[in-house]
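Residue numbering begins at 1 within each chain, and the chains themselves are lettered A, B and C in the order written.
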Amino acid sequence: MIPVLFFVILITFVLMHLAPGGPWDREGKQLTPQVINNLNIKYGLDKPLPQQFLTYIWGVVRFDFGDSLRSPGQHVSQRVLESWPYTFTLGAVTFLLLVPLGIGLGVVAALRQNSVADYAALGLATAAASTPNFVIGIFLIIFLALGMNRLTGGTFYLPTGGMPQPFNPFQVELIMPVITLGALPTAYIARLTRSSTLDTLRQDFVRTAWAKGLKARLVVMRHVLKNSLIPVVTALGPTFAFLVTGSFIVETLFSIPGIGRSFVASISGRDYTMILGTTILFAVLIAVVNLIVDVLYVFIDPRVRLSD
Amino acid sequence: MATAIGIVQQVDWDVPEQTGLWSDAWVRFRRNPLAVAGLAVIVVMIVLAIGARLPTNPGGLWHVLHLTGDPVQQEVTNTYALPSLQHPLGTDVLGRDQLSRILYGASISLTIGIVVQFLILIIGGVIGMVAGYFGGWIDNLLMRFTDIMYAFPDLLLVLVFVAAFGPSFWSIFIALGLVYWVGLARLVRGQVLSIKEKEYVEAAIMTGTSPFKLIVKHLVPNSLGPVIVTLTFGIPAAIFTEAALSFLGIGIRPPEPSWGVMIEDGYAGIFADPRQVIFPGIAVALTMLSFTFVGDGLRDALDPRMRR
Amino acid sequence: MGQILLQVEDLHTQFFTSRGVVRAVDGVSLHIDAGETLGVVGESGCGKTITALSVLRLVPEPGRITSGKILFRGRDVTKMDDDEIRDFRGNDVAMIFQDPMTSLNPVTKIGFQIEEAMTAHKRFSAGLAKGRVVELLKRVRVPAAETRVKDYPHQFSGGMRQRAMIAMGLANEPALLIADEPTTALDVTVQAQIIQLMKQLNRELGTAMMLITHNMALVASLCQRVVVMYAGRVVEEGPVEQIFDSPQHPYTWSLLRSVPRVDEARKDRLVSIRGLPPDLVNSPAGCKFHPRCPFVVDRCKVEEPPLAEVAPDQVARCWVLMRNARQEDVDAAKTSALSVEAAQTLKAQAKVGGVAGS
């Protein structure tokens, strides 16, 4: 994991500094070369690149990610701390809703293969998976905010701006962002669960379970799902990664002051330190989640346990 | 839940047909209504897109034929116009003709989506072949590198690249190519490895002749199917990424009318006139959906196992 | 022998596929008495497995029992409702399957899988069931049973897995155990052990057995009576010794000829049955075996023979019957794979060519 992180930092660092232009470019009135020079000196940007890199690494090790270049006086870590509650709430609510929903839809579709419910679920899943999430978000806004507003003469509609309380999972403002963020991963998990369950249903041991005279509920839960959900668990890692990248778009769309939105802003503003810091944060998070998923996998599939 | 009696495993009674792969695949593809519909939509779209750029800008053939207006000409007196003969989809906030902008946007999206696959094919194909052919430490090195890239969510890396090179058509193009080759590399490597293990190649190695030509000769027909499917699925992903980036303001910049840019523009004025986002939104969704259906159809058609 | 345990009457099980209706079981009748071991033999695709699955109503989609009766102790299985059939499966009649690796849940402990067979029917309380699992494993000769209950299927060897499946089948002391090719997926040496075990269990427990196999040697070892199936029908039935001694249906005869026998002189060559298994959607007219039969006569091609008694306790479905077959045909079939027509053609050519035919 560490070498991966190192390379990530290296690549990002190199890219940042390769780029034409710098963090001091402003649209409209340009800063004078003098001011730019001073700023560069102040932030150590005049020093040779390798030195900058090492300085940065040294800082990272001590958890010091430097100051935001665009918002002087603010540490990168500070800005992250301010914004993470919103992203966390959005992500957690989405994840906790999408996983059971996706699995549930997939199982039902598989058990009623080729029925109306199956085709409906599949169709919905394909549509959700093929529409960009920001388009889904915009359509939601059009229908649930604008549309409802017009229909009900201003009494009922879903608000589109921001997220007033950071840790409250029951806010009305969360409805549209969560749907927007979770549509694609839910579809993906539903399809995966469906195909995995269909494969499992073909297996001989399911027939054995029926032959023993077990109740349908037991056959499905103990024999079918216990096997068919294994690949779904491995998909949780990439799902999490997808939620991370999805947050960039969703937070921007719905004006949620989270890490995703600040990352996007720091990209257009070329705030190197913010970009680096946030990238590292994401990389670490994703690596940790993947690690957890790997460990979980050993628990649920006894065939991969080495020692005995 | 179906009755206790109904759910047992499926039995495949159909015997697979023994005909040539490609003609057979086309027949199977034709039987898939969604895939055929998707293909039709794509063909129409390509025609429209080419016509929007040729003979010369702006508006191309369609403008010359007076079917649409001019995508860049602003008519400040005619903003948010309703559909008319002159402007079949109305005008936007600056009085520009919507339809021609959408068609122009189609040319951008299709170009990026389809052409970048060649870049991906070259990068991924070469890396995969080199890793598979040489094996040993080269393979190890390349695979570790691939793993690092894989550990990163795609969008994140693309964002970082684009941040480095500035938002533009070419930076997105290159960023997509540099990020999305991983899946193809793995695929190609796997194919090379499985061919390497075949007896005729081992024999060639033992007699001292270079198995390179042999491998290449067998590589192409074997992997053509999966490669085509992978690249086909890559197209909607690329289209999505470009649209998302442009929407976030770090992709293609206005006034060039990519669909993402149009959505971003329209989002600002969404309460005034949601039509601005609806049309490009539908356009993106429709395109992605069509390519996804075609990809599904191709995959099923080329699947040698013929599972239903 | 005693009371009839299972009576299958004119069973028809069909598969409704896009290519047509597959008549997998096309009018099969058979019976098993209490404590008896019945062998059901035939080549792959003849319907023996589907017959067994029909008894437990486990026929997979797109198949269905379309008509006929399956009477177990007088009750018709085909008319049971969901609760009754669940009670019936694994309790009155148990089934063990061909490949123990795929027939056991790979992520559940073996001990638990045997235990749930018992707890599902509430025959034993949870505590008693656990103890009984160990007992059962010991009875099927699984070494170190107490520790082995906590293992997963992939930790067992092939033979041990099959023993575990047998233990699972016998857990509720069923009156009838259906075994579908229990030794096919195993090594030869392990096969012998399992056969031994099954003989022992049949003696000790008195469980009736329906043994499905294409292996005639297995039938000779274990069974008292045998039913021979072809193309979804019964073509011969009778006591094992009688059938082995004088099989009347050409198919049975060919099956036996294709198995090397220790008690025969080496001079007779092994004969494989020429031709391919029949298409169950468009089956041949007349007798279903006639395209491959070395003793075919004209009547066979048009009219299907009924199952008729050919000896005490023995029935066969054939117009010709082995005892009526011409000796030269039998010799011809014994020494080569040619059909009778081809041999006649050769003879005719030899006459024309002036070579003296005999």
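Quick note on the criterion: a contact is a pair of C-beta atoms (placed from the backbone, for glycine too) under 8 Å apart; a residue touches a chain by one contact, two chains touch by 3 or more.
Note that the structure is predicted; figures quoted are calculated from it, not measured.
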| item | value |
| --- | --- |
| Interchain contact steps from chain A to chain B (minimum; 1 if touching) | 1 |
| Chain located farthest away, centre of chain A as origin (C-alpha) | C |
| Gap in Å, rounded to a whole number, between the CA centres of chain B and chain A | 22 |
| Whole-Å gap separating chain B and chain C, where each centre is the average of the chain's CA atoms | 54 |
| Overlap residues in chain C, where contacts from two or more other chains coincide | 58, 60, 86 |
| Interface hub residues of chain A, defined as touching at least two other chains | 203-204, 207, 210, 215 |
| Shared interface positions of chain B, touching two or more other chains | 3-4, 8-10 |
| In the complex with chain C, residue positions of chain A that touch it | 203-205, 207-215, 218, 222-223, 226-227, 230, 300-303, 308 |
| Residue ranges of chain B in contact with chain A within the complex | 1-4, 7-10, 147-148, 151-156, 159-167, 236, 240, 243-244, 247-250, 263, 267, 270-271, 274, 277-278, 281-282, 284-285, 288-289, 292-293 |
| Residue ranges of chain C touching chain A (in the complex, touch as defined) | 56, 58, 60, 86-91, 94-95, 97, 99, 102-108, 116-117, 120-121, 152, 154-155, 165, 168 |
| Chain A - residues contacting chain B, complex | 3-4, 7-8, 11-12, 15-16, 18-21, 111-112, 126-127, 129-132, 134-135, 138-139, 141-142, 146, 201-204, 206-207, 210, 215-217, 219-220, 241-242, 244-245, 248-249, 252-253, 263-264, 267-268, 270, 275, 279, 282-283, 286-287, 290 |
